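Chain nomenclature is as follows: A, B and C, assigned in order of appearance, with residue numbering initiated at 1 for each chain independently.
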Amino acid sequence: MSNLASSAALAQASPSSAPSGHAIELVGVNKWYGEFHVLKDINLKVHRGERIVICGPSGSGKSTMIRCINRLEEHQQGTIIVDGIELTNDLKRIDEIRREVGMCFQHFNLFPHLTILENLTLAPIWVRKMPKKEADELAMHFLTKVKIPEQAHKYPGQLSGGQQQRVAIARALCMKPKILLFDEPTSALDPEMVKEVLETMVSLAEEGMTMLCVTHEMGFARQVANRVIFMDAGQIIEMNEPEPFFSNPQHERTRLFLSQILGH
Amino acid sequence: MNLSSFIDVFHAWPSLLNGLVMTVMLTLVSSFLGVVLGTLCAWGSLKGPKAVRWFIRGYVEFFRNTPFLGQIFFIFFGLPALGLRLDPVTAALVALTINLTAYACEIIRAGIEATPAGQFEAASSLGLKPAQAFFLVIIPPAFQRVWPAMTSQLVIILLASALCSQISVAELSYEANMIASRTFRNFEAYIVVTLIYLGLAVLFREMLTWVGRRFVYGEFATGAQR
Amino acid sequence: MNDFTTWDVFRNLLAAVPWTIYLSLIAFAGGAAVSLILLSLRFAFPRVAGRPVRLYVQVFQGTPLLMQLFLVYFGLALMGVQTTPLFAASLCLSVYSSAYLTETWYGCVLAVPKGQWEASSSLGLKHWQQMLLIVLPQALRLSVPPTVGLMVQIVKNTSLASIVGFVELTRASQIIANATFEPFLAYGAVALIYFVICFSISLCGRHLEKRIRI
């Protein structure tokens, strides 16, 4: 534990590794829910600007893994370093990391009592201490980017699922995050709305955003991912570039999973 | 006040015991009747003919929006004017039951309304008659959903039964009044009886939780609770 | 044998309505104040204050209001405090209401979906900001229907003040019943008046509920 901590300190101190090093680094991460071992020895290094798609059966630990990266879940063993900062119980560091890491949820989790614009400006105003006017401009910029500036003064409940998810993406972007995490962003959407959300995500990817995305949208994975990860039973089973991952999976379990979700 | 001032109160344990038995009897009988009648009223208010629905709605709203003390006074002191003279215990049971039925009806109705319509349709499509569909398919999960609320309401009825002392039913709080005026140990008598009520409420809640686990949640609890 | 008209009965009862309303307002305001303090303690120091607050709620929800009323009435006398029926009833109803309000409002805060906490965490908001900006506004909306329900309970509970001799609606109806030998009319009329008060509160609540739904 102590040598892990010191290596993290080294990583932070040495100028060569901090800016150019990894965006996210998971080393020997383990997590249990009571008796249940959800994450088993996870090792993963994500480069800056890299786009990673994570797939796997439900209960495989893929959501838990990305939720550990911004401390929505606590890991019990191993090291997680985000943007050169090691995640510990230090609340200050957690806040620092959360400012740099945006997240989009399966069920959007927009704030129902606030308008779309207020949803977007809340964190810039209260966390970044941005003046309201500036925050409004920033919010309108990103709303335009996700193609729904005309909805700014509505409430989340008045929008379709696809629109809500695009708002959620814009909300995360307003914090100018270095990394974006997506937790099954299209699973709760009607099929006709999946496309508009994926298009938004593709355009983000093209701009070089570091992205970790839990999804079963394999078309999206093929199009934008640098690497695809398959997880099962709390372990990373296979990790490869999309082309070989889909055309020639190495593991039986990956093959089975892919045949199930692509087969029909 | 010291410990010895409680001794007068404890000397009166036989009357406390009688009061306890009466309180328990009032609670159990009205709870049973109230839940059964409340279920029937819930059925009537959802599936009955229009006149029945309106009558039940009116009854429920009226009894939920007037104080129990007023209800029991009306039944005990007011009804004899119509030639309906009830002895105190009967009047108390009638008042408690009528009051609880109104609340139970509302609670169960909420549970039924939260049951997906598909359940009733599925039951009907299997050829069950409406009453069968209601009592076999709709009621069990509805009960399961609202059992915590029902438990609270039944505990409230136990505590409300203290007001029956006001029409001289010899239950716990009536005995407390008697002991208080006999011994002049007002505070001590009420403290002791209040603690007995607290014990009863805790026990009753435990019992209802057990009843819920045994009869209401059943085997399908984990599956159906989602 | 009887010089009272139905109107006389109603007129005398209506004269007592303000007292029932005053007492209800005192009980609600007092109860809300106490429960806001208890809730702040419970959320600010969950480890230390959690158990005492739960115990407080359990004790006052687990004993009859009538016994609490007698205890306050005779307890104050025992402590040598000169008390009036209004004071004893106000104190007792406030404390009793605070237990139910605390329990209900606590539940409303817990009922705000977990995703709201997670989303605001992931945006980097501090705990107090999450509570104040995200959770409490939503809890407030959730709390409207049960709070209105509790207000109706409070109005009905003020009838117990009659037992310690405070002249509000129920006591007035007893007095009138005894004076006119018309208990059916007196108790029937008072029930109607309570119904009008309580049902109006319920209807206002329903209206409010529809307006704030988003």
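Keep in mind that, in the parts below, a residue touches a chain if its C-beta (ideal position, glycine included) is under 8 Å from a C-beta of that chain, and two chains touch if they have at least 3 such contacts.
This is a predicted model, so every value here is computed, not measured.
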Next on the checklist: Let me check something: if the centre of a chain is the mean of its CA atoms, which chain is farthest from chain B?
Outcome noted: A
Checklist outcome for this item: Judged by C-alpha centres, the chain sitting nearest the middle of the protein is C
Item to check | Centroid distance [mean C-alpha coordinates] between chain C and chain B, Å | outcome: 20
Checklist entry - Whole-Å distance, chain A centre to chain C centre, using C-alpha means? => result 47
Item to check | Mean-CA-position distance for chain B and chain A (Å) | outcome: 52
Checklist outcome for this item: Where chain C touches two or more other chains at once, the residues are none
Checklist entry - What residues of chain A sit close enough to touch chain C in their complex? => result 70-72, 95, 98-99, 101-103, 105, 107, 109-113, 122-123, 126-127, 155, 157, 168, 171-172, 175, 181
Next on the checklist: Applying the document's contact rule, which stretches of chain C touch chain B when the two form their complex?
Outcome noted: 59, 61-68, 70-71, 74-75, 77-78, 152, 155-157, 159-160, 162-163, 170, 173-174, 177, 182-184, 186-188, 190-191, 194-195, 198-199, 202
Checklist outcome for this item: Listed in rising order, the residues of chain C that touch chain A in the complex are 113, 115-116, 118-126, 129, 133-134, 137-138, 141, 214
Item to check | Partner chain C, residues of chain B touching it in the complex | outcome: 1, 61-62, 64-71, 73-74, 77-82, 155, 159-160, 162-163, 165-166, 173, 176, 180, 186-187, 190-191, 193-194, 197-198, 201-202
